[in-house]
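In this document, chain identifiers A, B, C and D correspond to the written order of the chains, with residue numbering beginning at 1 in each.
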């Protein structure tokens, strides 16, 4: 295993210490309990917006804590959902009296732990609403799965809903907008290589030099199917096709196009994929009104990418454009 | 070779098309000639600031074109300096009457091509000053080398000098500040893996599972020496030690600390390195007043990192903090 | 089963899960995210820190302490699942100084009940439930035959092992493995495996 | 050497550099950045596009066209170096309808002069100069012996090949390879190799 780390068991805490040192103007971090809180939390009268999940997806979620996005994030061990205690601590830290929104990616572990945390917070008298993201079209949402996974849309949702929460809107409305964003977005991802969990020390799965995985999640799980390596044009089609179909995007509609790297893929390749996506959507007369290209929701050192399309309307566009100031996303201020 | 590309010979142009599609609000791109120009260029009365170099270092340089940073960038083939024609076209496009600054990384190819371009531009009657960055302490600046390479400091220089150029300062002053930034900064890099040039199709060099390269450049060249794999703490010491010594940093001084990823290393590891760096500098009572952590000057899919320290004074801090709006770096607007 | 026997069981679980951490993580690689062994080991190392203070507790509070510790330290799917399992098991054992065969069975039933209440899985979905359900049935069967506590635990462990092996041909419809669809077939479920190990430790200690 | 001979030389260079692109890039891997073959091939494919229009030009303009095309398409260190070399070579051949042995030597001297003027390298620094310098010397020696143009070109090519091989033990002090310090020793310089190939093509065509 080749990584810039010390002891595998120290990676998460040392990375948190590094984040705190680099961004002390934006966040405060409880390294022991692994909770990242916006510096000026709790913001009086504002709904607190928190999320959490396993580590290894940086900059998500901790890199999105700050004005206009998340009030707090709780990173778990690598690829392992955080525990209810962290979520409860985060919920208490950001409750400015208007209640707290839990943004939960649809994975059994995240669901069960946030569920317990919500119960505990409510027992504390804190009003909590939970919104589950499940945008991954690679998984059929049926009785035969744990349901679609929450992936790329989570990043867009945290930005848009965080921006809206700054207006002082009540919890019910903030939660409603979050559900709307999830409804409007779909994603699909692929891997050129596996990733290596530090504590495991070797790649989670083996891939041949001429193979790739289509329909992966964000935890180094193998995908829905293993196929022969293909060109960027073909890969983009494999990912964008099912998304456009599932969202039932029509000619003339506007979208936010998000090309995300899995952590080990350089920007030059992501722009090649974006070019392919732009051509495909152009051919369908679907307009890209906003875009995001880069490594935002990753799987450690995995090479690969995911595509997320979000159907835009004025409301979503307005809060996407709203000012944001976090370690991982910043504009307008 | 596993990459999200189509034909190797099309990578650069397709990535440029992707950049243009994603950032049409900021830049215009001549895909044929490979020149990226700030949308509102030439800015009347402002010194035009341009740079260029081989592709494969994204977001540098093209991702730094926009308000407060570069007016234009010319990407060459992967790891190959661009040609004088591109530099001349860029120089003409950004000349707002106050002359143009060429930011050149110290590599024979970049030097020779920019030299020819400057001669051609001056023949055109455009005032041109060239500034060469050479901050890599891994290379001894002596008769026995082509001189220190220009690496990480180039990113910081482009930001600071670009910010200063927005004040309408004359060419001589802009060039002087550029030379000062280069004087104040030093860098050193390391690789855990080689990278693969698309047109070559296989890794530039082979590294054992337990080996790493110390003192690499940004073109996948092997480093000064090959050593046994070490911990993040030891690696950070190997890189920071020579920098601190060469800059002769004293207790009580302030620096900008830049931990850069080589393209294939995920953010979580870069934050671990930043934590180690923060401890080392803390131990020497050197204060980190500003920081930058992420993939800014890369070598395709190479895993590894580089560290750059910039000795800060009020002037450098002021223009580092100045507003910037480019695809790769944005704040204050 | 006294609180001393129970503590020996818990200590043995901590040992065995530590020894099998790499194995469980390896099972979690092809159909999961390569962390089940790491998760369980992290949880029971935290439990181990509490063994000293647990010596004076009764069985019920020992089990509840384990449940709360797992919830607070494991995370993932297995944290809330095993956490709830041990909490419920503790409740079932409430007020008892010593558990007889019937009490242990009630405790195991509550353990399974906790996993099901939290995870909503039925048998055949390729989860812990597929090891725990036959174990509980076997233990009841054994009781009907009036065997010793040790014999009962042995049969429960054997039934769990068979249930675990029987997860190999199953198509996962719960948890992370379900995302693989057909590709989940042919792999042994890591959670069912840790459940078997937990019951094997019981047979080793009573 | 007529403009037709010259064009045959240039066409042969384009072929040979294309065939050797992978080889030159491989030489550029251990002590460079793995692109020399790619760079030279890109340059001479651009030159090839101009062959039709070059047929009517005299030797001087043919060589200048090559120089300008290389400057505009190669980039890297070798672009300005070979670009300047061909430009100077073209200037040396100015006004001549046909080059005799002396003219060809003057042309080669100017070629080397262009590389040196641009790159400031001396012999022994592990660059193209280490192949071109002995080649120019050998050609003068050959002329003194009054050999044929073909024989002269043959000796120049052989001298370039020896100079190229002699770069293997050298420690690079110019260009990218110099960053490797001691580690540059033991590798053949890619630029010296392309210089030899260019001269070998001359010997094949005159």
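Going forward, a residue touches a chain if its C-beta (ideal position, glycine included) is under 8 Å from a C-beta of that chain, and two chains touch if they have at least 3 such contacts.
This one's a predicted model, so the numbers in the text were calculated from it and none came from an experiment.
Trainee: Show me the overlap between the contact partners of chain A and those of chain B.
Mentor: Common contact partners of chain A and chain B, which must touch each of the two, are absent.
Trainee: With a step meaning a move to a chain it touches, how many steps does the shortest path from chain A to chain C take?
Mentor: The distance in steps between these two chains is 1.
Trainee: If you take the mean of the Cα atoms for each chain, which one ends up farthest from chain A?
Mentor: D
Trainee: Please work out the Cα centroid separation of chain B and chain C, and write it as a whole number of Å.
Mentor: Taking the mean C-alpha position of each chain, the two centres sit 54 Å apart.
Trainee: Can you work out the whole-Å distance between the CA centroids of chain C and chain D?
Mentor: 75
Trainee: Taking each chain's centre as the mean of its CA atoms, how far is chain B from chain D in angstrom?
Mentor: Computed value for the inter-centroid distance: 32 Å.
Trainee: Considering chain B alone, which of its residues make contact with at least two other chains?
Mentor: Correct list: empty.
Trainee: In chain D, what residues contact two or more other chains?
Mentor: If we look for residues of chain D contacting two or more partner chains, we find none.
Trainee: Draw the chains as dots and join the ones that touch; what shape do you get: line, ring, star, complete or other?
Mentor: Contact pattern: an open line, chains touching in sequence.
Trainee: Would you please name all pairs of chains that touch?
Mentor: According to the stated criterion, the contacting chain pairs are A-B, A-C, B-D.
Trainee: Sort out for me which residues of chain B touch chain D in the complex.
Mentor: Against chain D, the touching part of chain B is residues 54, 76-85, 107-109, 112-113, 115-116, 138-140, 143-146, 149, 197, 199-200, 204-205, 217, 219-222, 224-225.
Trainee: Quick one: which bits of chain B touch chain A in the complex? Just the residue numbers, please.
Mentor: It is residues 2-6, 11-12, 14-19, 21-23, 55-56, 58-59, 63, 192-193, 209, 212, 229, 231-233, 235, 263-276, 278, 288, 291, 293, 295, 298, 300-301, 303-305, 330-333 of chain B that touch chain A.
Trainee: For a test of understanding, state which residues of chain D touch chain B in their complex under the given definition.
Mentor: Residues in contact with chain B: 25, 29-35, 38-39, 42, 71-81, 118-119, 171, 173-176, 178-181, 183.
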